[in-house]
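Two complexes follow with subunit A in common, the first pairing it with subunit B and the second with subunit C.
Here is the complex of A and B:
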């Protein structure tokens, strides 16, 4: 693979983490415009750990994920009682406030005769761990996809667990879920923390992939995009957001097919797609059908159908 | 004391532009219970059409104003037809994401029309300053303040004194019952959407003529400021939009005066966050909004 392609594929992998983070909250029925804040916090934290304190990369990523989770917990506590638009705007306000705080954040030390560290609006340059330790671009891509695969596997297990079922129950109807004995606020808080962890981990990878982060990257646009990826790709499975990222970054941004008209084509396509499939390409029904086909279970016999009328397929 | 009052006055003046933007937002959200992220970019389309005309032919200012408003109404109708009308009840998130996709589309279309970062825009007053005793005000902003008050009064009359307003309020209450009572829900919503876009177009024109320039940031700016002002004031309420806009203006003016421009935005977001946590309905909202807006009678705008 050439460098350009490796760059694009790595980028898709890293952005998938934010998309998955937004997807996880969408499962519980909450729209967050603020997942980019945890991405930013993860990126800065892991950058500080490896480039300034010169600790190992794994520790940097771990610190990024942990701060992402901690920040999500802190924001989740007051905001998760909110609903719908109010929650969405509260997360937006938080994320924009975080972005501006990073614009004001200066913390630099001298290393090898150079100043290293976040420098306000100028950003945080020289997060050069992977160059200093001779990790090639291909190897780093494999690290990204290894972690992404692990995250997906975790989400796959989660969706089969009681907790995952509770997420979707709350997403369908939180009042009904509560009457079924689901502790709504703690479960939502768990979802928010997991989402923060995933975004923080992705942020750490992003910082090391680009070696440079600045506050302007983490604006509302990134947040709304990551939300849109889930809806374009589909809310039925964790592969949905991935598909959304591949469609946007892989197909449109990287190939310069439409040059100046990219957004006109993409915007129109998404709008039409959402009319046809309001829950995205891989929506719950399609995923359900695929699962049944894969399991090769015999179709229910007509006698079973009569109980509740025709079974929906 | 005089500098403090002057800053507050400046804040109120700028706040009137936020109030105008929030008015259109509140109308759409109040009726549809959906978030239209394309609100700002629709205004941008109108403003860019007006600017294009102004640069090419230099027509009188009122023609530019008419084109700007007509352009944003057209863009607004396009958004409604594509993102809101075809998506049925309960597809609130899809509508929002769809309106975001159209945001990207409208913004790119505007930039294809006029690719530079900023262009001149005709001014209504020539940008002079008036002094009232020890205070200085800009007539541009006085026009904006007057427009905001006049428009909210007209909107209140429309909502509470006409058949159209009655139909609209019936839809807000319960759209199914409204359609059973013989109200053409789809047409009424389209009209409300066009009206909101027209208010946005007027707001856009007045803001740009006060700044005497139009920049590529207009779409994002209008959506964000309108949304924040609406949330501060109270969801979907007309007095709320005005109070929210003015409050946002005053908060921004004072924090900029005390700590500089970066802290200005930080303060606005911090106030918004704290207000939402403590009083989710906004300054003039009721606490009844707390448990999922619209669980009584309306459609939940989140989920499924």
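Here is the complex of A and C:
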């Protein structure tokens, strides 16, 4: 693979984290326009840990994920009692507040005779871990996909657990879920914290992939896209948002001849898709049909073996 | 099934530990200036590369120039183009075709003897 392709594939991997983050909240029936805030918090935190404090990369990613979770907890406590549009607006307001805070955030130290660290609207440059530690683009791509695979596996287990069932119950009808004994607010708070963790982890990877971050990156556009990934790809499985990311970035990359009009074309396609398949390509019904088809596949049984064995003999 | 995350985590650990840990001896510094060409939205960029520590010009480096619109990362970007060495030592030229005017983060990627990335925030406006 050439460097450009590696870059695109790495971008798809990193953006998948914020898509999965929005997907987790969509499972509980909440639409968040603010997952980019946790992505930003993770990006800045992990950048500070590795580029400024010179601590190991794994610690930087862990710190990014932890601050993402902590921020989600702080925001979730007052907002998760809201519903629908009110919750969506609250998350958007929070994300914009975070972006503006990063525009005002200045914390720099001198390294190698140069100031390093967040510098308000100019952003945070020189997050050079991959260059200072001789990590190749391919190696970093494998790190991204290793962590994405682990996250997907975690979600796979979660969706088969009681907690995952509670997420979907709340997403269907939170009042009905409450009457069935589901503690709605704590479960939603758990979902928000997990979503914040995933977004924070993705942010840490993004900062190290691009080597720079700035507040403009984390504006509402990223939030809308991260939400759209789940809605395009489908809400039936965690692979849905990933499919959404592949379609989004793949489509944008393959329609370069539209130049500046690409987003308009993309927006139109998304609108059409959502009319045709309101819960995305991999919706619950399709996922159910696929699972049923897989289960129906005939397996060789010992009885058949015996019969065939007799016929042959 | 358990082997899958185990494999992925060991891959991660291996990747994190695989870095040589040796800080590259050179830290690149770039001065970038772009001028509009006759073609709409096309800019001719001159790049001057030097070692931030010693100030020596960086020659023989594979240089590619790309750009991202920070307000729309990945939605609007410039496919990286290879820069060609110019007459003076450590200088390179590349032509980039933007999708629109506005604020762009120009990314200068270095490969070969020096591996680094320099990002410059630049505003591209239409010719007066």
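Here is the rule we go by: the second predicted complex is superposed on the first by the 290 of 313 C-alpha atoms of A that agree within 3 Å, B and C clash if a C-alpha of one lies under 4 Å from a C-alpha of the other, contacts with A are read in each partner's own complex, and residues count from 1 in each chain.
Heads up, the rule we're going with is that contacts are C-beta pairs under 8 Å (C-beta built on N, C-alpha and C of every residue); 3 or more make two chains touch, one makes a residue touch a chain.
Just so you know, these numbers come straight off a predicted model, no measurement behind them.
Q: Which partner chains sit in contact with A:94 here, subunit B, subunit C, both or neither? Use first/second/both/neither.
A: After superposition on chain A, A:94 lies in contact with subunit B alone.
Q: Can A:112 be said to touch subunit B (first), subunit C (second), both, or neither?
A: second
Q: Tell me which partner A:263 touches in the superposition: subunit B (first), subunit C (second), both or neither.
A: So A:263 meets both subunit B and subunit C here.
Q: Between subunit B and subunit C, whom does A:125 touch in the aligned arrangement: first, second, both, or neither?
A: second
Q: Check whether A:168 is in contact with subunit B, with subunit C, with both or with neither, and answer first, second, both or neither.
A: Touch partners of A:168: none, neither subunit B nor subunit C.
Q: Once the shared chain is lined up, is A:288 touching subunit B (first), subunit C (second), both, or neither of them?
A: Neither partner.
Q: Taking the contacts subunit A makes with subunit B in one complex and with subunit C in the other, which residues are shared?
A: The overlap between the subunit B and subunit C interfaces on subunit A comprises residues 260, 262-263, 266.
Q: Sort out for me which residues of subunit B touch subunit A in the complex.
A: Subunit B reaches subunit A through residues 29, 35, 37, 82-83, 86-88, 91-98, 100-109, 112, 220, 224, 227-228, 231, 235, 262-263, 265-266, 269-270, 272-273, 276-277, 280, 289-293, 295, 300-304.
Q: Could you list, by residue number, the parts of subunit A that touch subunit C in their complex?
A: 3-4, 7, 11, 15, 56-58, 112-114, 122-123, 125, 128, 130-135, 139-140, 142-143, 146-147, 149-150, 153-154, 210-212, 214, 216-217, 219, 221-222, 225, 249, 252, 256, 259-260, 262-263, 266
Q: Can you list the subunit A residues touching subunit B in their complex?
A: 26, 29-31, 78-79, 81-86, 88-90, 93-94, 96-97, 100-101, 103-104, 171-175, 220, 224, 227-228, 231-232, 260-264, 266-272, 274-275, 278-279
Q: In the complex, go through subunit C and note every residue touching subunit A.
A: Interface residues on the subunit C side: 4-5, 8-9, 11-12, 15-16, 18-24, 27, 52-53, 64, 68, 70-76, 79-80, 99-100, 103, 105, 109, 111, 115-117, 119, 121.
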